[in-house]
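Have a look at this one before I ask anything.
Naming follows writing order (A, B and C), and every chain is counted from residue 1.
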Amino acid sequence: MSFLAIVLLVVRKDLVVEFRNREIVYTTLFFAVSTLLVFSFSFVHEGRAVEDAAAGILWVAIAFSGTLALGRAFERERQNETLRGLLMAPVARTALYVGKLAGILLLLLAVEAVVVPMVGLMFQAPLFRYPLTLISLLVSGTIGFAAVGTLFAAMLVRTRSRDVLLPVLLYPITVPVIIAGVRGTAALFQVDADLPMARAWLSMLVFFDAVFVTLALWTFEAVMTE
Amino acid sequence: MAKAFPVLTVILAGMFIFAPMLIVGAPYESTMGLVQKIFYFHFPSWMAMFLAVFVAGAASVAFLVRRNPKADALAVAAAELVVVFGAIGLITGPLWGIKAWGVWWVWDPRGTSAFVLWMIFIAYLLLRRFGGPGSERLAAAVALFGMFNVPFVYWSVNLWRTLHPKTTVVSSLPVSMGTPLWFSTAAFLGLAVVLLKLRTRLEHQRAALDQLFLALED
Amino acid sequence: MDFTSLSFTDVTRNFGRRRALNRVSFRLETGEIVGLLGPNGAGKSTLLSIAATLLEPSSGSIAYGGQPRADWLRGRIGLLGHDLYLYPELSAAENLAFFARLHGLPDVERRVSSALERAQLVDRRDDQVVGFSRGMRQRLALERALLHDPRLVLLDEPFTGLDDGSSAMLVQRLQELRSKQCLVLVATHDLEVIEPIITRALLLRQGKLAPIPPGAGSLRERYRRTSV
């Protein structure tokens, strides 16, 4: 079967499983919104948000809930050792990686579809001023975060202390993604939007995605064989 | 190579003894006075840290590709050096900052990038320590990602910081102070090499010990 | 690409300071059903994982018909692990269809139907696996492992949770595999059930493998004698 066919097969399976269960979607969504709320208390002073707080809080919510979702998604594959079932298939393992990545991406983008409007509401952020750039920032940032996260979560599946090690490993490596996401979004949200700046951050994110997805594809096979 | 090692160590010891004399003799920097001399420790520590980052990254790639345990020993030794030299840099930086400019931390691109890289390699060590058997290969992937992240971390922090107006604080490294600086840098890099060799040897011995434990079960 | 034998030569596997397998050597030929016996924690699952190419040995070599480990082997190996590898949220039919497609098998619908028949789960085909009893899951998991007509069949405690009827069915299934010239390695505790069908038995204890010699006495008696 072709690479793409395997990817689609895995994604479809993950979607069906999640749709029947909906545990990860509901809990991740709720967690993202709670994070928004909690961080708002820190950064809203006398009814007004600290400058750039909206962008910062948005990306923190994405990073935190993304980590949670990654952990849960792979915990599920661990429970019945279905990951082994996948690894026993005579398919390119990188196809499995891309399939899982696509599933996580869809989940995170769905969460963002709820969280971003909420941020817009709570902080009067101008979401529709440059919608394409904003969406591009969100998508490329999420891809960067999820690409590294999927690799790490997959490789930690049989590791002790995996729950705490995932964020420990993931956050420092994805610092450039967070910086670029926050600053790019802030550039769009600020009073006189700085579109060239946002585009500069976007290009950095795209570059990061290209490099790290490639790295992940190279290393996936090596880290999945024990 | 093995014969050169004790000779190197002796030369290095000599350099470390001689260095303070050079540092004392170096000219005082105009605005900061004596406290600037911490720079002779601060800058070489960062250099040693970056050397260690690339050694760790390269050794990790070798380990992932060829599964050679010697590569893994080198990688973990280098990662520990990243943390040690990084710590020296992160301690000397604020000490210098508070005395010279009245602030502990200025979020400058170089310092912040180094901090992030330091965190990545602490994460590497945490994974090896708490991940159980088989985590060496996973840690190698982390080191590899860390190494490739260096330009991105610097790029993003740099771009982030250039948005802010330059404060009155001098946030870039001063002009080279010549001989004492390069002497100190050479001494620190030499120290890094010596420590790498020692730690790698320790790692080989630990692996040999594991083999002995296993042989007991025969 | 195919193979007719499986051989382990001085295979050792370490986990940190623990030696799970210690210079294990054996050879399996087509048409054999070999029982892998031993106490818990002896290393049976590790041995099966290595045979399935999921785990690499620390030293020693494994040959499949003289050929070394390679990616194409995965399509010719069927592994049934202790944890069954089934998605609880999917139905029996969906689980089978997913793995059939993953293995790139043609004629998915027909294969799924016949597998469900053999597992006697036709009437439960659209029910989610989460609601199945252990025995039902075991039957389904076995069929999933055999869906792609593997040459090498590795079973880890396949009789767990099976009632007498299902047990008998499994025995029959194993005999079918033997006549199809498969290589079958079964790790189990159920000595009485396995005794009539195995061609020989191997004892794995503390990582070391020893054959259980044929001869007088039941399998259990010979097992006890070899263990001492």
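Everything below uses one rule, namely that a residue touches a chain if its C-beta (ideal position, glycine included) is under 8 Å from a C-beta of that chain, and two chains touch if they have at least 3 such contacts.
As the structure is a prediction and not an experimental result, all values here were calculated from the model.
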Chain occupying the middle, per Cα centroid: A
Farthest chain (mean CA position) relative to chain A: C
Which of A-C and B-C has more C-beta contact pairs: A-C
Mean-CA-position distance for chain B and chain A (Å): 31
Chain centre separation (chain B, chain C; CA means) in Å: 50
Inter-centroid spacing, chain C versus chain A (mean Cα positions, whole Å): 38
Sequence positions of chain B contacting 2 or more other chains: 132, 134
Chain A residues counted as touching two or more neighbouring chains: 226
Sites on chain C touched by chain A in the complex: 52, 54-56, 71-72, 74-75, 77, 79, 81-90, 94, 98-99, 101-104, 128, 144
In the complex, chain A residues that touch chain C: 1, 6, 9, 13, 16-17, 20-21, 79-82, 84-91, 225-226
Complex interface listing, chain C residues touching chain B: 14-19, 22, 206-207
Parts of chain A lying in touch with chain B, wherever the complex brings them together: 148, 151-152, 155-156, 158-161, 165, 168-169, 172-173, 175-176, 179-180, 183, 197, 200-201, 204, 207-208, 211-212, 215, 219, 222-223, 226
For the chain B and chain C complex, residues of the former touching the latter: 132-134, 210, 213-214, 217-218
